[in-house]
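Remarks on the structure that follows.
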């Protein structure tokens, strides 16, 4: 059941993965429809990051399939997926610390598809984060924590993603910046970009997204439209602190 | 019966070239002896067997390997490794076990002043290496300004320092003295200094690699010297590959194929040269001849002693005063320098062009010369 | 006075070639955090390639340079996949061991094939003579080639896409992979480039000085020094560092015995390191 | 939750009384590992002697030297995370000082070796204050620089014979009862130095000092923020890691009968000791032993094996490469991975 | 209450960036002082200055009556200032327990190894890492590393604890737990200076808040005052309606 690549952009089936022989994921499945925003929720250590890493190929899944735009990409290298527009803004930022801000952004637009829209995208991220433009010659490694997060997101946007996967979107960002980001994501979605979001501010994640998956200890726990999930008592207690 | 002779050779590492030549000398001798039925002593005849290991041109394992040769491989006699430093290291072991060790590859004299009893040196010691070249120079230009440029290793340094003293006694001016580290390939800075010093003659060098380089760069940079004597390097037939840069360069030599010694036993120099060239497709230098002669001297001592008892063989060596294809051989018996070579004489050879071809001519001493020296 | 000047000029000429030798080392080191201990052996391979090329075809050694580059690059890529790929991303010591073993293999095979006797590549170019001091044509030519290659490499890394990709991979492999950069290919390319540079420097050195299988050791050591002077991973710096080293040697020799040069050289090296912990020319990286 | 925090912190504060040093020593003595080291040292020392096998002795002697080098190197590389490329400078300098004292001043060999160790340790401390400001690769390079500078210096230093070095006469062994005896005595002393090096490694590994070093090795800035006095610790360990190699150098070169700059400050030997350390597994006490024995026996075997003699270097290199590529944690890493319970026995 | 930490006219620039400029404030014994401000305002730089990771260009830092300006970090740590980093600095190859032991051994108490082990175990337990004591720090999740930062700092039993965004990366429930943990720490007598972008937490925890902007003090006061300060709203909080609506949404 591959699903049509036209409606279903990303499909993950029964993913199992782990580190050094320790299995972390036990059959995680996701479906992300084109043009929607989906969120993946779970407690600290539940395996969200691991799921994303298995999807991009940073770790090799032991079982399961990843289907992107109708193509089975499970065993493709990470860079090949990126070239197809499957873009991850990783947890922990992963900047090119010794390179300038500008060069970081350029590398974001490395793939052929992203290069075409380079100037337009650059303009967009600079207007989104004016700080980056002010400091475009500064070495990324000397940025403050929040500034680094901005740069990481900006670099992801430079890749001209088909699907943008963001791990810990708001980590370390000042409230005012988070607000701007929310606006940006909304407009991206409007522009047809599909988004998969992992966000510890579960309030925010559920409010923004259309559909939510919840995992616990590496197992799928529940899923549904975000509004419904947000209303479930067990979710409210476990994740929303209510 | 077999007689085991043990040694290490430098199959790898920087001394590989010269060590290999010496090894060929050994092998040729062994095969000759065995073909003639072996060494005869006390009514028995012994076939020669070699046990040899690679010392990697380094001292680290020499003692381990010589201990092994003596205790595990039961070598009855030893040849030394190649080069003075390794000889000194190996001698500690051979002396302890009272094994006779013929030293062919080391001319440095310090080792013989340490009280060794079983070490016997075939080569002329470093102190006398350049005496001939100085004599020759005195004849050509008694007021010559000399630059000493030599490799910073035990052997070359000992040679240079001894020669410098001789030169001062002879009334020469020492215009420059420079040592360079082993493995130097860029002599530019030194040659600039030689030029600045206004020297007429250059004495020194070290081993093959650096010596041939020095010669070549002296030529390239047109250093304008009238006389150049280098240790070791010009002796090798390969030196001819330098072409014009080789012309006029001279070398003190333990031995040359042209020498006309009348041996008391063993082949004549001419026979040896022919035999060696047939076997290895390359003309022998003095390392090769030394290797062969080392075997001969040992053989002679064993045969005279009529026994393979090291004590008796050592006594024979102490008494020995013979001439082989390598020239005269006699060892010092004074305990202060026991084993030092005191009879062997060196010659000076020079590369010259003859009918368009490069040849090495013996130019000193006068009684042995095959051509006049170019100055 | 003129003696000193001659000595310094010689230093600059030879220094440029040291710089080129160091470039290969610094590139590999800076990009993939691999200290290539087979660097010296690879320089020697370059020397032998040129030797066999010229002795077989009789062509000029300089014509061989592009070929050496190409062969070196290919060899580098092969070496990368055999012995380096698996240790990338592991602690720096692992790559040290891997390349050290490789060094043993190359030296061992080289000794078996060519012994340790010295070889020469005969090249004659007219030199320039001034008042008894001669600057040989080969030195001048080698220095020129070194400068040209250094400049080309600098431009390549700074301004081309593959060049930037190399620097990106150097900085953060995971990120590069996520940005669609095929990191392993890029790394193997960078390694190939480093090896090619080492080979070419070997080829040029072979036109200046004779060499043996073991000659690489001293050039490797010099490359280390130059790398530090120039700043890690900075090819332009390496050229400057090489020239600086050459000048130091040139300046020292007229005044002190040549055997003291290493003391001055390495003493200065250590002091420089302590004073400029990231290399004198490192600022150009920022 | 909140209660437990304040309690935990309060408890930690209450646990003030410190273990006295002697008590700590006693506690260590009850562990099996130090005794294992002692037993191993005794076996190494006695077996060749009882079997009267000098061949074995020579082979073990080299191994003991290598173990000493590798295990002291481990203090820097494994613990403090500083790659010392030029560790052989301790060995060479120690050798020169020891041999010089023993020959020129006729100092007793043991005293001369101790003096060499102390002097080299002191020099290392001074050098360390300078070069330990460098990090990572730059430190590694500086250590090469120090080694080469000192080598060049000694090469020009006439009292130590310059490039020719110092030759020992047979008389030098008379105080030890002649050369035959002398070699045995040097051997026993070297084995003892090896044993002490291992015990030192163990003592450091299980101490607070060792924990501080490990922290430095992992992330020096973070360690400093946590209160580890990084400059002092680094200088101390650099100096300490020079002591036994210097003593060993003195004994080894005395035994060899000759010391000269090329063999005393041989950079390849430095790298080889790193190789041994990594082969055996860094950060462990046993690793360097296993690595040194493996490496030394491998090279030794290939050297004397007639079949391989021309290709010994190639084979050794190829084998090493295979090990490095496929057993990256070294022998101890592999072993601990297989048999985690061994961790408690083999430090 | 007396001032435990006093920062006077502190400045530090990087090239043209004035990361901290002429900043003065005090932290009283036993209080929780919150530090907020836009990204790049200079908050983490301030921490770096306080614990000696970088020296200031000008100004003074006085801790417990002693001028500690320019002292190296390990001396500062000995004096009783511990820190949890924003960008985590775990000793990756060491286990959780060993990480904490380093804190305990070399912090203010200068504990022996055995004491440190006991203390570290307790503290790790208390911040919720009890079941991961033997895990290498490198295998922890982001949030796990954050906890570890805190546990390690606590193990030193400091007098002043600097917390740099320890709540980032935690979900609301986990934040609620952590808030309790921090309250517990304060109750055990440790003074806390914390940087945080999670408003709900900082507002409910802090006794006082200092707001930084462009390296300078923009405002200082009780949480409520700060939340209503128009300058702060403009520079930092923004149109908080959006966030309050999403937080109130469920």
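Here the chain labels run A, B, C, D and E in written order, and each chain numbers its own residues starting at 1.
Keep this in mind: a residue touches a chain if its C-beta (ideal position, glycine included) is under 8 Å from a C-beta of that chain, and two chains touch if they have at least 3 such contacts.
Since the model is a prediction, treat every value here as computed from it, not as a measurement.
Enquirer: Strictly by the touch rule at the top, which chains does chain A share as contacts with chain C?
Expert: none
Enquirer: Relative to chain C, which chain's C-alpha centre is the most remote?
Expert: E
Enquirer: Going by the average position of its CA atoms, which chain sits the greatest distance from chain D?
Expert: For chain D, the chain whose C-alpha mean is farthest off is A.
Enquirer: Between chain B and chain C, tell me the centre distance in angstrom, where each centre is the average of that chain's C-alpha atoms.
Expert: So the centroids are 37 Å from each other.
Enquirer: Counting only Cα atoms for the centres, state how far chain A is from chain B in Å.
Expert: Roughly 76 Å separates the two chain centres.
Enquirer: Could you put a whole-Å number on the gap between the CA centroids of chain B and chain D?
Expert: 39
Enquirer: Going by the contact rule already set, what residues in chain A reach two or more other chains?
Expert: Correct list: empty.
Enquirer: Enumerate the residues of chain C that touch no fewer than two other chains.
Expert: 107-108, 111, 257, 259, 261-262
Enquirer: If a residue has to touch 2 or more other chains to count, which residues of chain D qualify?
Expert: Residues 152, 155, 163, 310, 312-313 of chain D each touch two or more of the other chains.
Enquirer: For this structure, give each pair of chains that are touching.
Expert: Final set of chain pairs in contact is A-C, A-E, B-C, B-D, C-D, D-E.
Enquirer: Within their complex, state which residues of chain D touch chain E.
Expert: 1-13, 15-16, 18-19, 24, 206-208, 211-212, 214-215, 217-219, 221-231
Enquirer: Would you tell me which residues of chain C are touching chain B in their complex?
Expert: 3, 6-7, 10-11, 14, 107-108, 111, 115-118, 120, 122, 127, 129, 132-134, 136, 138-139, 205, 208-212, 214-215, 217-218, 249-250, 253-254, 257-259, 261-262
Enquirer: Can you tell me which positions in chain B touch chain C when the two form their complex?
Expert: 11-17, 20, 152, 177-181, 183, 185-186, 188-190, 192-193, 195-196, 208-209, 212-213, 216-217, 220-222, 224, 238, 241-243
Enquirer: Across the complex, what residues on chain B touch chain D?
Expert: It is residues 11-12, 53-54, 56, 58-61, 63-65, 67-68, 71-72, 85, 88-89, 91-92, 95-96, 108, 110-111, 113-116, 152-154, 157-158, 179, 181-182 of chain B that touch chain D.
Enquirer: How about chain C: which of its residues touch chain A in the complex?
Expert: Residue positions touching the partner: 161, 164-165, 167-168, 170-172, 174-183, 285-286.
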